[in-house]
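To start, the structure itself, in structure tokens.
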Amino acid sequence: MKLIKAIIRPERLEFVKKALEDEGSYGMTILEVNGRGDQKGIKLQYRGGVMVVDFIPKVMIEVVVKDRDEERIIRVIADSARTGKMGDGRIFVIPVERSIRVRTGEEDT
Amino acid sequence: MVLDTGTTAWLLISTALVMLMTPGVGFFYGGLVRRKNFISMVALSFIVFALVSIQWVVLGYSLSFGTDIGGFIGNLQYAGLEGIGLDAGDAGYPPLLFVAFQLVFAAIAMAIVTSGIAERVKLSAFVIFALLWTTLVYDPLAHWAWGGGWAMSLGALDFAGGTVVHISSGFAALAVALVIGKRAGFGKYTMEPHNIPMTLLGAALLWFGWFGFNGGSALAANGLAASAFFVTNISAAAGGLAWLAASWIRGKPSSLGMVSGAIAGLVAITPAAGYVTVTGAIAIGLVAGLLCYGCMLWRIRKDLDESLDAWSIHGMGGLWGALATGIFAVAAINGYPGLLEGSVSQFLANAAAAIAAMVYAFVVTFALAWGVDKVIGLRVSEEEEYVGLDISQHGERV
Amino acid sequence: MVLDTGTTAWLLISTALVMLMTPGVGFFYGGLVRRKNFISMVALSFIVFALVSIQWVVLGYSLSFGTDIGGFIGNLQYAGLEGIGLDAGDAGYPPLLFVAFQLVFAAIAMAIVTSGIAERVKLSAFVIFALLWTTLVYDPLAHWAWGGGWAMSLGALDFAGGTVVHISSGFAALAVALVIGKRAGFGKYTMEPHNIPMTLLGAALLWFGWFGFNGGSALAANGLAASAFFVTNISAAAGGLAWLAASWIRGKPSSLGMVSGAIAGLVAITPAAGYVTVTGAIAIGLVAGLLCYGCMLWRIRKDLDESLDAWSIHGMGGLWGALATGIFAVAAINGYPGLLEGSVSQFLANAAAAIAAMVYAFVVTFALAWGVDKVIGLRVSEEEEYVGLDISQHGERV
Amino acid sequence: MVLDTGTTAWLLISTALVMLMTPGVGFFYGGLVRRKNFISMVALSFIVFALVSIQWVVLGYSLSFGTDIGGFIGNLQYAGLEGIGLDAGDAGYPPLLFVAFQLVFAAIAMAIVTSGIAERVKLSAFVIFALLWTTLVYDPLAHWAWGGGWAMSLGALDFAGGTVVHISSGFAALAVALVIGKRAGFGKYTMEPHNIPMTLLGAALLWFGWFGFNGGSALAANGLAASAFFVTNISAAAGGLAWLAASWIRGKPSSLGMVSGAIAGLVAITPAAGYVTVTGAIAIGLVAGLLCYGCMLWRIRKDLDESLDAWSIHGMGGLWGALATGIFAVAAINGYPGLLEGSVSQFLANAAAAIAAMVYAFVVTFALAWGVDKVIGLRVSEEEEYVGLDISQHGERV
Amino acid sequence: MKLIKAIIRPERLEFVKKALEDEGSYGMTILEVNGRGDQKGIKLQYRGGVMVVDFIPKVMIEVVVKDRDEERIIRVIADSARTGKMGDGRIFVIPVERSIRVRTGEEDT
Amino acid sequence: MKLIKAIIRPERLEFVKKALEDEGSYGMTILEVNGRGDQKGIKLQYRGGVMVVDFIPKVMIEVVVKDRDEERIIRVIADSARTGKMGDGRIFVIPVERSIRVRTGEEDT
């Protein structure tokens, strides 16, 4: 299994949720985070000066998927989260060794 | 005349109550926007209050209440509050207190307008727009209705500012919203209210302050003040329950529906508060709740980004209130019969004044906003809007 | 009588102050519940205020203050506010203003009851329960004490509603809590207040509004009003410090302890405010702080989920206040001597009225709640409770 | 004298308005500290209010307004409010009401002082310090200016407490900050305000309450009250805009700048409110906004941890106000000419009283704080400070 | 070492904390999250319509443990977090390569 | 690639950000968390009793870095976050298999 950790724009969350649902993928966890990427923050001009807003609110989505779904889910998230502008975010894939359901104590495979 | 200390006390506290409504609008609006613009909305209310306070002393009071020029505007005799006394005046309270009471009305009207530019206005442009608006829109309208202008001569009734404050600010919000354009992403993704409790807090302060707004407009501590106070509350209750019920039928009875309806009821009773009975007030409130709810739904369907619904609630609620005053006025309360008591002329006078105010406010606001936009730009850059006005305009963060 | 503008001004503003207390209760309670029910608590306070406003006009005022029927209830002569004037009345202020002042008391009493059903009540059932309660519990009790009912005839003293508002709502909260049952998970895991600052804000509004509640109950702007105002503040201070100190000894001096004690002091001084001296008020407040704290601890030990302690603070604080009025009343203040000045009869009259109100409120509320529960169900489903009332009842989220 | 119900009504409500300012200070400060100390700041304001309420009854009022002893302090004739009546008194309102009105001033002064010890004071030590401070600093200063003390004899003017409340608390905050020392980490990492909206809410309550503070200080509902009310508002507006503009030039126009400036304007107009014209008030407010902003920048540059700027805003704003009263007083308003009308003596009297109060407040507060620190320790342990006072002092968490 | 990432009901947190303490395991980090699982959100009936609340507040616990403690800690968490009803949550196990103490800069093994 | 997950004192965040910037590392995500470490919470004495504050607010920084930067970034974070007192925090290193840019859909390597 893999943990797909996507950091996206908050305003794209609805689209990503919808897209994942359409793929039949329901389980996921959402975290409110702040992030800074390659753009090094947003530069605002004012009165001749420059102010850099370095951390922008983002949403982090964590989805654990079976290995065979990895590629598909990544595409779904990337496509639905995309606006094409700086700050669209990243997706990281991390290996997951085990997954246990608390309710039953059973292990998913 | 001899000074009446009871009336003076009531006007002092009424003025304070209405003052509190301006930050009340700030919190009401602040809870409705996204987190990144919360401080901006509240800050605008404070800034408006301060700007209008100064403008009112320098020019505004005189333009509104100076000797009439052509039915349209007052002259400059009171500029800088020249000649305003502290004695008992003609009505048993100090004339300066009347200036103060009117000041807080001018301030809140301007604060309501910020609905139309929420989450995207450039602060520097707003300051200029606000000064122009209060001078060229609010002051003439106050003069028409209360300062000896044509609407007053015509006999149109506006007890506490349904036309002057609410129609003017509501239609102004619509006009400025059209000029400034929709918020980035409007209609593409949902923009949920980020802090409903703060909106409820603002609503509580507004309801509370409205007792000074309408009750104080009796300009005396007497039976008329009590009546205005009472019908104000009942119309708010009726409006709140009506909107709540209507939204319940369509889905869930939201707390925002409850308070929006209450404010619709408060707006609609404003021009009528000194003329109608309790029964009339219930009718006015019920209709206001349903009507403004419908207007809001229409506005959303039409994809109009008059963001915080000053138009549907204050504009349309005020319009209904002005007409309703002409309909439900009862001679036994304050000497003015309305349509239901057979006075067609009263209804027509009120309708004429309301429609004129609506058109004037919309057109002039549109022109002012357009001008400011052309000259210095009314709107922040896309980047600034994306980050939010709290950071981009104020350098602050919730 | 000639209209007294000073008294009229004071009653107008007092009414506004008491109005603000109802959302004040909403914020006080809202901060104490879990995040998922915050909006629900505040919304209930607004809905109660609107419902009771209408009910009061239609029926409530007349049931409370109409001509007495058998010592128990008023007749319907004032239904729809028939015949209530705007003139100076018999007491120097407009009778309609008295109706308004009493209205806000009826509203807050109902708001206090929401303590007992917090985080689990079904909104539709609550609306029905609220209308029944204000009509069948509040209105008779108001009649007993103030409208010419048996308690008034007996000479029981209740200056500003210790019995009518606080005993009634406190014991009603207990009764309805027993009917609706504990919150899911109560006693199994801790349910911490999710937003203490909002509770403190509510407390500030309550303390502020209470000056109108008790000071306004003098029904005049005079020395008695000043005295009621003063002792109100002192009792609040004493109650707050007493609870703070007691909780300090047992652990930490919590801010919630400070404000809970202050409210206990405010409740207890309510019936006494027009009859006792400053020294009496300190004693009343100190005992109230300690007593209500003890009652709260007992309630928790007994695993009773009267969730936000209306019973321990308003119910028991009100009971103590009613007895204390009979004990500490001083003839020099308002003509009524209490037990300490030798008047056993005053004490007994007060005790009788308080106990009768307590029993009546508890029993009738229990029956009403039981009936509503049987017919349409008072409680949300387990799923709805789990998600929280904000979403399940209002479709909103903090 | 005959009781004036209008004046009585105005003083009743003014007292309530000023009462609300104390939690207002709590929320203003609470928003400025870090999250872990939010409850602590608000709780301190409630605790102060309760403590001072009791102290005022027992001792404070008498020390302030008892028969003069050597120009320095009042005697104990009114201890326990002995002999304070409920009749019309000499001025047309109940003497007990004057006691109440003065009580709320004493409370807020103490609340302002908490700025200097924010986020690090030990609650038990604070309770003792507060009782000492209000008795040994506030009461004498109130006596000097208003109770028949030397400053009053000298003819120094302090309409509503610029010296008594603001200079005293502002310089006291500085003194106690020096004794208690900087917050751990001060200067090493930024300590950002954690909840600006709550600070804005506090500011709204302060601005609102200030109408009672200054308007009520006319001790009558008349033209002077109206004038004091009006100039209060204008000075606040001017102060807010001045600070806003200054901070805009240096960077961003922050909302905190807007409200800090408004409070600076309110502070500065406090002593002058009954003596100056609207024009004077604008000048006073503008200078206050700029001056206090400058003082704040200086304080930060000097690495002084007078954490929430009571010194720069209340202390220095109050000092400026006291001098400005001596400069801008106009005989036509209230019979007192100032420097601009040629009265050097008025200016000197005011300067003398202000400087004496400043020195007295600073020195005595320093000594008291030092003493309390030596005996029981004014400050929490490092661990407690790190976790925050909410948990360590109150066992609560936002 | 392993990162045990458990997403549980907020109201079970106290039990889990207690249970971990009893096992002598103190180090952990807690995050407030929102989640959606197999149940696809909670369905609420109202007025004939249906409203789906898709995200429910959850608590995420992150504990890094030695390999030999993995099984034990998973059991402790699963048992103490269980109510037996839908929504009890999941436990994921992720490999951790290194663990460094900031205070000393030293590496745990 | 590696995910470096550092749990640090909130008041050191500015220093860590600055230090990472000086190293040319901009991308990162920040989460507000609560944590408990070996110190088992902070003990507060009061009135003869003892109160344990078991969870203290911390900041979690997540940075995904190339393998060759791992050591350097760990050192930078550890050094800039250190105060030398209990509660300075931990740094965990977790393997990352893939990293995708949402904007372009491309994979970093």
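Here the chain labels run A, B, C, D, E and F in written order, and each chain numbers its own residues starting at 1.
Here is the rule we go by: a contact is a pair of C-beta atoms (placed from the backbone, for glycine too) under 8 Å apart; a residue touches a chain by one contact, two chains touch by 3 or more.
From a predicted model like this one, the values you see are computed outputs, not experimental measurements.
*Asks:* From chain C, count the fewest steps through touching chains until chain E is reached.
*Replies:* 1
*Asks:* Which chains contact both chain C and chain F?
*Replies:* D, E
*Asks:* Could you quickly compare B-D and A-F and let me know which has more C-beta contacts?
*Replies:* The greater number of contacts lies at B-D.
*Asks:* How many angstrom between the C-alpha centroids of chain E and chain D?
*Replies:* 50
*Asks:* How many angstrom lie between the centres of chain A and chain E, each centre taken as the mean Cα position?
*Replies:* Whole-Å distance between the two chain centres: 19.
*Asks:* Between chain A and chain B, what's the gap in Å when you average each chain's C-alpha atoms?
*Replies:* 44
*Asks:* Would you give the residues of chain C that are in contact with at least 2 other chains, written as numbers and ranges?
*Replies:* Counting only residues that touch two or more other chains, chain C contributes 4-7, 9-10, 13, 201, 221, 251-252, 395.
*Asks:* Mark out which residues of chain F touch at least two other chains, giving numbers and ranges.
*Replies:* Residue numbers touching two or more other chains: 31, 51, 94-95.
*Asks:* Which chain A residues qualify as touching chain B in the complex?
*Replies:* The contact residues of chain A facing chain B are 11-12, 14-15, 42-44, 46, 51, 53, 56-57.
*Asks:* Show me the residue ranges of chain C that touch chain B in the complex, using the header's touch definition.
*Replies:* Touching chain B from chain C are residues 3-10, 12-13, 15-16, 19-20, 23-24, 26-27, 30, 38-40, 42-43, 46-47, 49-51, 53-54, 57, 80-81, 85-88, 93-94, 96-97, 99-100, 103, 123, 198, 201, 221, 393-398.
*Asks:* Taking the complex as given, what residues does chain A use to touch chain F?
*Replies:* My answer: residues 2, 6-8, 31, 33-38, 40, 54-55, 58, 60, 74-75, 77-79, 81-95.
*Asks:* Please output the residues of chain E touching chain F within their complex, sorted ascending.
*Replies:* For this pair, the touching residues of chain E are 1, 3, 17, 26-31, 64, 94-103, 105.
*Asks:* For the complex, give me every residue of chain C touching chain D.
*Replies:* Contacts found on chain C: 4-7, 9-10, 13, 17, 192, 195-197, 200-201, 203-204, 207-208, 211-212, 215, 220-227, 229-230, 233-234, 236-238, 240-241, 244, 251-256, 258-259, 262, 278-279, 282, 333.
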